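The data blocks that follow each hold one structure.
Shared between the two complexes below is subunit A, which pairs with subunit B and subunit C, respectively.
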Partner chain A sequence: MKKINILILLIIVISLFSVGTVAAQGGTDDISDDEVNAIAKQLFCPVCENTPLDVCETQACKQWRELIRLKLSEGWTEPEIKQYFVDNYGARVLSEPPAEGFSLLVYFVPPAIILVGIVVLFRAFKQWKDDDDEINALEAEASSTSTGEATNPDEDYLARFEEEMRKQD
Partner chain B sequence: MLPSLGYGILVITLLVTLYSVGIAIYGESQKDAAMIESGRRAMLLTLPLITLASAILIYLLINDRYDVEYVWSVTNRSMPMYLKITAWWGGQPGSLLFWSWLLSMFTSAVTLRKWDRDRDLLPWVLVVTGITLAFFISLNVFFENPFKLIPAGVDIPLDGRGLNPLLRHPGMIIHPPAQYLGFVAFTIPFAFAIAALITGRTDDRWLKITRRWTLWAWLFLSLGLVLGMRWAYDVLGWGGYWGWDPVEIAALMPWLTGTAFLHSVMIQEKRGMLKHWNMILIILTFDLIIFGTFLTRSGVLSSVHAFAESEIGPLFFAFIGFIFVFSFSLLIKRWADLKSETEMKSMLSKEALFLLNNLLFLSLLVISFWGVIFPLLSELFTGSKVTVGPPFYERATGPIWGALILLMGVAPLSAWGHSTVKTLGRSLWKPAIASLIAPIWALAVGITSWVAIGGFTLIALVIAVTIREFWRGARARSRRSGESFFTELWKLMKRDRRRYGGYIVHISMVLIGIGILGIELFQTDTQQHISTGETIELAGYSLEYDRLDQFRHEDGRLITRAELNLSKDGEFIEVLTPRFDLYPDGQPMTIPGVRSTLVDDVYVILVNWEGITAESTPFKLYHNPLVKWVWIGGYVFILGIVVAAWVDDDEEDADKKPHRTRRKRATVQ
Partner chain C sequence: MTEENTPENTAPNRGMPLWIQITVWTVLVALLVVVFMGLIRAREGNVQAGAETESFDFTMPLFEGYYYKDAQEVSLTDLRGKIVVLNFWATWCVPCQQEAAELEEAWRFYEPDGEVIFIGVDYVDTEPEARDYLKEYDITYPNGPDMGTEISQAFRIQGVPETYFLDRDGVVQHVQLGPFRSTDQIKSIVNSLLAE
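Now for the complex of A and B:
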């Protein structure tokens, strides 16, 4: 055989092997549905309303899931794939707003309001307790001027109350 | 002829309602009892009128009258009779009419009661319910006419479009009525509250009158939620029951304030406190109900644009705004008059713990409301849409639900007026020890999630505390009376229905909690393409794919049905048959194959959009531990409310004889 022929034959054989290897690397068959869904579950359909990507039934969503499968087979990581979707379709594909800019408000406003509520409640409690203490003090004063003894009616009641509860058990 | 008649009747009903409102206001200003009576009768008249209009609509629905647009849009010939009837609320116009019919029914029931002791409230109750009814009928009359004919010149279609298959599930048949019953019924306590504010009455008469209304309204609101969850689980095919969807949250929000209100009114009745707060709660609840109806009926939350395009969107918004401004202005005007009768002494008293309950429920409301409107705000202010999804809500509300469960375990042991750490501790330590069964069991079974362990422990605490309350009460009575324990248990529940009914409801809530913890924390799933003969495995179960059939049902559906053999540890359990139905109009429906026990559900669906052939059939298999407890909790819940709301002979007599002296209840309970 002429050397040039052997060379061509060699090139062809090597190419055939390479094709085989490349196909194996780009193969999406290895990526299971569960791996795709694990990521799709965390994303929302870019065009439908409030539908997670793993359950969305439209053709578009099916293609997006296949896109995830392809990227996984190419070695992309989960954060990279999610970022890809955000870059292409906007923040709405994420299952909650990114903690930046205007969206910071979604995380800060509820705790702020709840805190206000707690403060209001405890100030009301304190107000009631202070009013009550005031009344007790006045009553104690009134009774001490008449009987010469300083008594706290509340304390007595409390003691009797606890005694009663103990008996009931 | 009939459609025009139906429409005409609606117009007349609107006029009658407006008359009732007008004459009630005028009669009140003139102190003319005859005029007010006329207004009352006019309101009564609306019921037969709307019933007639609704009957006409139903007649059109079951007679395939496709010359009427609404009938065409929600029915078709292949639908069975019962579905054609329930199509009454299958679309926007019919659904609004259904709302009006329910409101008219409740208002009539209220106007038929004896008003002798509450004459001053009557005209204002008429006015509030009348304005609400007029609003909803106007929507039908001017914007969403259920009797509207198809455009002139167009041939009458041979067949209708048909109800969305998703709506043909039994759950969806009861869910809208249950939800609407809850929504509409809350109009009555609201009307009485406004009447009390307008007339300047500062007592809690309005609370006493509407106590049962509130209970039943709350029952149906809660049922609506549970039924919605059941429907989602059964037919939506994502193995779940709650997705924190805006429409779901729309139904949840009035339930949150409604539950707070339900508890808070007890403080007002027992201790004469929190009059302002109860007003705020009922106003909020009613506003949220209209808001919820609005959210469910319009597309406002999908986008700001849908809002502007929907005709009734802005109207609802205006109505909500009007109620809000009017109600709160009234409240501010009467603020000083609504003084508390007693003061709160102890931070561990029942009053204090009920207030804590309110704080927690309103925190849940704040989170839900803000999360639901935020995408809209984001689009308005930044132009870009965002999604506020389950992770946000779960993280924010999780601890609050936990605190509520803890509260359910502690509050029943607390006393009105006074409780100390000592007395609470004394009552609490035995149930607390008993509840340790939960973490011990959890660790033994291999659960490591501390959320699960904590959750189950708190639930066990509530069950222990509640059962102990029943037991202690019945035992004490039976010792004293000599009767058997069970007789005394029965008498106990009869004597204090509200308390013991409430306890049963608490138990139902934690049973639901068991189910939710199970499915939320321990659900596993897998999706695989397999061919006949192959097996999928998950959580110790094996599903062997037996066969795939495709056939046409007599009603035109193309049904694709798989049969799978479910086994565990080599032992055959049963055959599961998930299905995919394709309706003649192209609408699909996925029905899961489910095997449900107290321990777990095995749930399998055909993933229809992936393409189904026998060689490569895509299945999604879910393992949902404990989810059946959600539905069991639902049944126990109904029992609890029935116990709490059952009309007592004693109570009726007490109402009739105002001179009868009631036994003084010790403040120490």
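Now for the complex of A and C:
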């Protein structure tokens, strides 16, 4: 009986050493919502227009977010995941258009329009200021050359006009 | 009137340089053209009956298990000579689920003769979801993803489901927006094309 007990104990001990360790695998549960949404907010909902994927509640958006989670759990990087979506669903799923082809206009046209607008406004303000300065100079000249005249600007211009006409005669 | 007092010599030129004016107007006109083209396209709507698909032929990969004659991809030009029923669907589309059984029934009716081909185009789904959907509704006709949404853009679909019936020459003869009411409705359309 004693030998049997020792044998059983020995088998148990040997069995313990034969059991391999099983590492816990990182499944999709290890991927946080923040990690998923960090990529999802760079994509647009495929059904709703101009709705970021991280805030969209449609079934299609939920599927896409789960797909992002799956890809992250498989070790895909953010650029790889975004490229995957572009390859499968088109470049329009990106919230930021790629800087290539016709999409380049999106990056150049608005700044160009703003720049042109600034130039136009600057020149307009400058012209208004020049006009004001010229009017002030004419008024000062009219008041310094005339004696005992009325301070009405219309009369000043009329007097100046008459003077010019006399010079031409 | 002395020369120095002529009207032409009294007012200084304060306008913008000509090259700036030309540039600004050119950019504005170009932007208007782009916006106009976008509006035209938005108002076009989906492809209508009579449209020839030669101008927007496509090659579509097929899901494994849903090949066409063992081919992993299919193009419209390959299908010339047959009546093509092109159905756009999505797993999140409830009306698509409503017509799934009718489409499969119609496919099984026409498949033995080889004159009609049904093609399912999956719109913006993930593959696992798409495959679950096909399995759930026991769909057997060729199906594949619309890579890059190129096919749906070519047909300018407005939603799902949409079904396009093409004759033997690849010309769109009938467009069904929304789900079919019955299998007989599908057969009626296909039979009219077979009779031509």
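Note that the second predicted complex is superposed on the first by the 97 of 169 C-alpha atoms of A that agree within 3 Å, B and C clash if a C-alpha of one lies under 4 Å from a C-alpha of the other, contacts with A are read in each partner's own complex, and residues count from 1 in each chain.
Definition applied: a residue touches a chain if its C-beta (ideal position, glycine included) is under 8 Å from a C-beta of that chain, and two chains touch if they have at least 3 such contacts.
Computed from a predicted structure; not experimentally measured.
With both structures placed on the common chain, the touch criterion links A:Arg123 to subunit C but leaves subunit B unconnected. Looking at the shared chain after the overlay, A:Pro97 reaches subunit B, while subunit C stays out of its contact range. In the superposed model, A:Asn50 makes contact with subunit B only, not with subunit C.
Using the contact criterion defined above for the overlaid structures, shared-chain residue A:Ile114 touches subunit B, although it does not reach subunit C.
When both complexes are overlaid on chain A, the residue A:Asp34 reaches subunit B alone and has no touch with subunit C.
By the touch criterion defined above, A:Leu67 reaches subunit C but does not reach subunit B. When the two structures are aligned on the shared chain, A:Asn88 is found in touch with subunit C, with no touch to subunit B. Set against each other, subunit B and subunit C touch different numbers of residues in subunit A, with B touching more.
Once the two complexes are overlaid on the shared chain, A:Thr77 sits clear of subunit B and of subunit C alike. Common to the subunit B and subunit C contact sets on subunit A are residues 58-59, 90-92, 105, 109, 113, 164, 168. Residues 1-2, 5, 14, 16, 20, 23-24, 27, 31, 34, 90-92, 123-126, 129, 145, 147-150, 153 of subunit C touch subunit A in their complex. Taken together, the subunit A residues at the contact with subunit B in this complex read 32-34, 37, 44, 49-50, 52, 55, 57-59, 61-62, 90-97, 101-103, 105-106, 109-110, 113-114, 117-118, 121, 125, 128-129, 131-132, 135, 154, 157-158, 161-162, 164-166, 168-169.
Partner subunit A is touched in their complex by these residues of subunit B: 237-238, 243, 245-246, 302, 343-345, 347, 352, 355-356, 359, 362-363, 366-367, 370-371, 374-375, 377-378, 381-382, 384-392, 396, 418, 420, 422-423, 426-427, 476, 525-529, 588, 608-610, 618, 668. Put simply, subunit A touches subunit C in their complex at residues 46-47, 58-60, 63-64, 66-67, 86-92, 105, 109, 112-113, 116, 119-120, 123, 127, 130, 164, 167-168.
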